[in-house]
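Right after this note come the structures.
One chain, chain A, links the two complexes that follow: it is found with chain B in the first and with chain C in the second.
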Partner chain A sequence: MFSLHPSFLHLLTPEIALLAFALIFLVLAAIKGDRTLRTGSLWLSLLSMGFVLFFAVQLLFAIPPDGQTVIAQTVGGHSCMVIDRFGQIFKALFLLGGMLTLLLSKKELDEENAWTGEYFALLLFSILGMMVMASGTDLLTLWVGLETMALSVYVLAAYLRRKEASVEGALKYFVLGALSSGFYLYGVSFIYGATSTIHLESIRAQLGIMIAKGGIESVPFHLAFGLILLVVALLFKIAIVPFHFWTPDAYEGATTPITAFMSVAPKAAGFAMLSRIVLGGLVPLHEILVPLLSLTALLTMVWGNIAAMLQGNVKRMLAYSSIAHAGYILVGFIAALKARNNEGLTAMLFYLFVYIFMNIGAFGVVIALKGNGCEGDSMDHFKGLFHRKPWLAVLMIFFLLSLGGIPPFAGFLGKFFIFMAAVHSGLWVLAVTLAVTSVISIYYYYRIVCNMFLHEAEIREPLTGSAPLAVALSICAAVNLFLILFVPKTLAVMQMGKIFG
Partner chain B sequence: MPYILSLLTYIPLAAALIVIFFVPKDKTRFIKYFATGVMLLDFILSLPLWFGWWGASSQAKGMWVFEEGPFDWIKSIGVKYHFGVDGMSVLLVLLTTLLGVLAAWSSWKYIKEREKEYYVWLLILQTGMIGVFCSLDFFLFYVFWEVMLVPMYFLIGIWGGPNKLYAAIKFFLYTLAGSVLMLIGILALYFQTGALNNGQNTFDLDVIYKLNLDPSFQWWIFAAFFVGFAIKVPMFPFHTWLPDAHVEAPTAGSVILAGVLLKMGTYGFYRFSLPILPDATIKWIPFLMILSIIGVIYGAMVSLVQKDMKKLVAYSSVSHLGFCMAGMFALTEAGIKGSILQMINHGISTGALFLLVGIVYERTHTRMIKEYGGLAKLMPVYAAIFMVITLSSIGLPGLNGFVGEILILLGAYHMPAFLFSKSLIFFLVSGMVLGAAYMLWMYQRVFFGEVTNPHLEEHVKGNDMNWREIGYMAPLVLLAVWIGLYPSPVIKRMEPSIKTVMEKVTPAIDRLREAKGIKPANNVIEKKEWKSETPAAAEDQGVAAPEAGAENAAPAQEHKGE
Partner chain C sequence: MAAYLPLGILLLIALIIVPMTMIIGRFIRPQRFEVSKLQPYECGIEVTDSPRGQMSVHFYIVAVVFLVFDVETVFLFPWAVAFDKLGLFGFIEVGIFLLLLIVAYVYAWLKGALRWEQ
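Then we have the complex of A and B:
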């Protein structure tokens, strides 16, 4: 039925190690109780993620850019999991996001007095799920990864279980998430009915033959229906308009480090899965998919940015801004799909890399403001921050300018590469929309800048510091500021062979 | 000196970092002196650009001088680190370094809170501006272009007037909107370069200059560039950010905004639109000219009715920059010369006007014209300097404004008639007349008559310009007189650069002429140039370019006719 090549087992070290660590944390939490471990479990999980990251990065450089190793097969020799550069980069990104989230967590968990061992175990499990999403090549393997990730994140979103907003947001997330999983499976069943396979490669081959014979019309309706359901389910996961409604509530309700995590890692995983499915399996349908996705990307950029302007809560604003950013990233993806080359994919990866640092940084500042009964997530809480804590305000500027795409910050480079890919593949409308909406985005990012620098402080209590948080913010700021000097190296890592059809 | 341009660009940034990290907030005196000193150092270091000119043989061939690179920076996408100037941009760099000194110096008393931040932003802004004028790589250019927005936002937003938040964000969004559209144009050009460069696309200007683009493609790129540059200039329908930004900005901010930032728009047209997109330029001329004319007349008429001195000066910028645009798109050597010279002049005289308004504002805290009257009696030195600058702004012969305006008119006169109607000159001249009207009328209302406002006497009497103020006004007044009397060193420096641009534009004009079936006969006089303003200038021309001597007579007479 299912066979794993023992000789390739070492390629799975990151996943296996992560699984082992996650189980250890569960057991530890059960034996030692929640109270005794506290920061101990934070450092342990940080260490274990670092360990896994080390393996993942080592693997990333060990495999040649265009190499692809099939490590698991099902009956008939169809691959269901591969190790390649694309997937490995994603895995490194998830782990980076996870580690930064852990650094942000200490202060938040102290403030909420909510230390439990499961918090860390769930984080590790969710990352495990994402890793499977990044390397699966059949619809069910990917689904297993997706559910592992999603179920862990649902629980994390509801982590502050005594807070109404947290539970409400998480429930919304869960209901819509479960619905989209249902869509996904329903779609898969149609596809299986039409093609009698769940392997992306075979689906691609069959679609290719159909379209070569009779054009796009020859795709039977139930197959097309299944494919559309599949794509819609994926768009749900990455919160693309009009499938974004869960995002603001879930982000606002969740505890802030988890919000930061959700806005970064699962989103990246969603893009990984989208790329695997669409570029690996549905490429022959690009004639339909490009306009369809373009339309959603356009709506996402426009609505995400406009809605973000109207928010008074910083977490909600960042939620909408992350919707808009998903739109930008989707443009890179569409460029890759349209031109069928790696330029757009590299741009997408680069953007996701940068996005981790700028978005987690911005959420980190929100956490830094928390304390003394102040949530830190209202626009007013940022007033006069420059006078209270100049450095924090300066770091926040870096993150916001980066999110807005102003050079020399890293966010500019990310947007630039996506922009370039879009122009290169002739997506003029999307390029112009991207340009114009990022100008709109400056308006709401600058509301925060304006509050920090140009207003007097309303709250004067000193902020409680946290060393891990400071470390995380410094790392994020350093990447945002100095990445422009290391672009060639970063791009060289993200060069991949032509892995997709 | 090798790498002088990089040095000039990054010295202010380094100084800003030193201030951030090593100077405590309360050492305001030191910060002031240090920032001004660094600006001065930067200015002194930029002087070799001016004097090193004569020996630079590559300049004579119309190539870059003080060139650095191109070094690979982001190799995989063809971004290079490439700095260099030509005769045109060197003038703007010098203007920038000079105004940098004056801006820092003039802020000593004006800025009374958060001094550390203020000078840090001023220094970073300086880096951005010099970088824009030195970059010969589109990517680099774009980076500097945008870097500059952030400090300016804060200068307006923190130290500005009552409506500063609105003005700051408006300035930022307008400019950003233009520049992202420009970025699309840049990328579209970028993807054309592969064929010329062994399949590797590049942002290097030297390669992009060699492109031979399809006219209809050019049209779209021009449109993208137009939005970016026209907002910056600002041309007529895009100008509304300017009065807000100027009125709210602190004095030094206004000086830099008017003196340097506005020039970036015209610089962009000159450096990129004309040589890269000559065919599109010609197609766009009627549109551009009409907008310029509207800008000239509208800016002047709106200035006429302003109650606030600073706003008046701000709207006068719209009018002056309209002149620059008209001169540039006349596409004759004289017109472009005038346009560039007028950019410098505008930097000098409008910069000076903003400084002057700032000087009196520091004393009285009002800029309303009606609050003044009889100021000449109370501040004679101030009145005298203001007079000189006013006259320079309205283009009195013997002062800098005149030379620029006359060259622009000359250029417009020689403009091939199939490009745009000669009635252009009529509008430009009426703009000049209106310019004299609003400036002199303001001068009259502010300085002459009896002192009617008792507060004015209280604040101002015996409080004429002090030595510091005279010190930072003096260079501008001297420059105004110098360029007015003897502009040829300035013009000589820009000549080779203009020739290079004309070499790109003339074939396009010829193509259009052929397409319209017009004989090229009427174009001979284009050779005739502005030449002798004064006997001194004629002499200088005689020495430097003996073959041009014969042509001196005719234009000199035309000047008298004005």
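Then we have the complex of A and C:
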């Protein structure tokens, strides 16, 4: 039987509020029709996300440092869901990503003439799913969160349903996403068969006993098979090479604000779930998992950056670059797994925070270029941007240099902390690969800079501006530029997210 | 692991028997083909058209609305069985669950999923 502690219900305020808002938006969308609300629903959903963010951040500081409050449990005291600082930081990150996405959406929805209320309801539902992914501590609670997120994002990826590319990308995303969900459940069934539990805490205890008795060889084959299936399914979700094939098509086809959202929030949610499962349940297997994940991280960094060099479409290039960035973040995760301390986790959280602002900023510039029949996502569309709109070009340089990891910008700090965490846990090969592939990445970011400054503009129509987009770009640029002044404070917040005691 | 052995043997037998019956049947049965024999079997009536036709999308929408109620029953049933053990907490929980489903249903209704003629 299942029980929930009513006295802890206030800890679930962010989730409950978000669910209520999402339901209200869904009904509003049906009552008001598609066209009447338009920007109204955008401001309302921005307001509701801000409200939820406020609660999530307040909770983050209200929870005792090492406190884990078990929100829901089954008989025998096994927890299904916990509220701790680690999960709370992730929730704030998802909401930040969602709010910036909303600011980007106005111009895109105007250009495509595609305003519907469901757009906002689905965004809220997907963030709700991510929140469960960041808090769940048993395999099925996490899976429910994963599916809530994934189903909403599939629909959002196919949002421009009259565009062939959008539907094609979304279909690929859906088929591979459903396949990986199947992998996950198949893995869970093996784990349940071997350990008769789905609770990560018990799985960890049983694995610990097995390995303490007879070493790593004593883990039965079917259990190991299930665990590997589980990890593979999660690598699918965060688009790690060789499970990345859906990414470029889905990112290119989806409407640009949704691409920005997909590259940031679901990726962070994937890392949250990976941390919950691997660091909460599979830690005793680190001897196998570290080399396995290291290999995929290595492949991801190398192939993501090499493939990005070959792209002519900026959204596709940013898709491959986001694959490479997932590789960098994975290095931080592996450092945490290998050393079993919080340094790698802090670096991972810091990078995810910075990554939101650099990537959404870069996609925001693509949206700013859109208009007059120009999609804004070809390398050629960036030609002569400096002469057309100097400020936009300068902002794009900030984002690209930050993505490339050039010193004064926030992206450098993120890479620096991950690099240091990798070095401290003895992952020399990964640390060197991270540094070398970052240098390679500057080549393709520089191609856009080159087009903006050194070429004559091919398109001369004035760009249509959008106030929310300008606000979003300013926020992203400000964080990228000035984060270096607030490093100790930011780092202190990220250090609150601990898994290892 | 040994507990799963009978299951494995069953799987093996299933994997062998099906192809075997098909292969044996192929060699034993008389093979005399005629036009009427090679046609798709349709209760002895002559074939009228191709089975690949287009169906209205509306059928799928109705199926999804049906699913809402189907899932509802699947979860209400065990709750009803264990009602006195779950008490007030279970009652509130099922109330929230029903509320979510009803919102989904109202959404589908307002969107015209139940209107057959557009």
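Heads up, the rule we're going with is that the second predicted complex is superposed on the first by the 496 of 501 C-alpha atoms of A that agree within 3 Å, B and C clash if a C-alpha of one lies under 4 Å from a C-alpha of the other, contacts with A are read in each partner's own complex, and residues count from 1 in each chain.
Convention: contacts are C-beta pairs under 8 Å (C-beta built on N, C-alpha and C of every residue); 3 or more make two chains touch, one makes a residue touch a chain.
Note that this is a predicted model, so its numbers are computed, not measured.
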Partner chain(s) touched by A:V423 [first = chain B, second = chain C, both, neither]: first
Of chain B and chain C, the chain that contacts the larger number of chain A residues: B
Which superposed partner A:C450 touches (first chain B, second chain C, both, neither): first
Touching partner for A:H222 - first (chain B), second (chain C), both, neither: second
Partner chain(s) touched by A:F412 [first = chain B, second = chain C, both, neither]: first
Chain B versus chain C as contact partner of A:A435, first or second or both or neither: first
Chain B versus chain C as contact partner of A:A30, first or second or both or neither: second
Shared chain A surface residues [contacts with chain B and with chain C]: none
Interfacial residue positions of chain C with respect to chain A in the complex: 1, 85-86, 89, 100, 103-104, 106-107, 110-111
Chain C-facing residues of chain A, complex: 1, 3-4, 23, 26-27, 29-31, 220, 222
Residue ranges of chain B in contact with chain A within the complex: 73-77, 79, 142-143, 146-147, 149-150, 153-154, 157-158, 164-165, 169, 172-173, 176-177, 180-181, 183-184, 187-188, 190-191
Contact set on chain A toward chain B in their complex: 401, 406-408, 412, 416-417, 419-420, 423-424, 428, 431-432, 435-436, 438-439, 442-443, 446, 450, 453-454, 484, 487-488, 491-492, 495
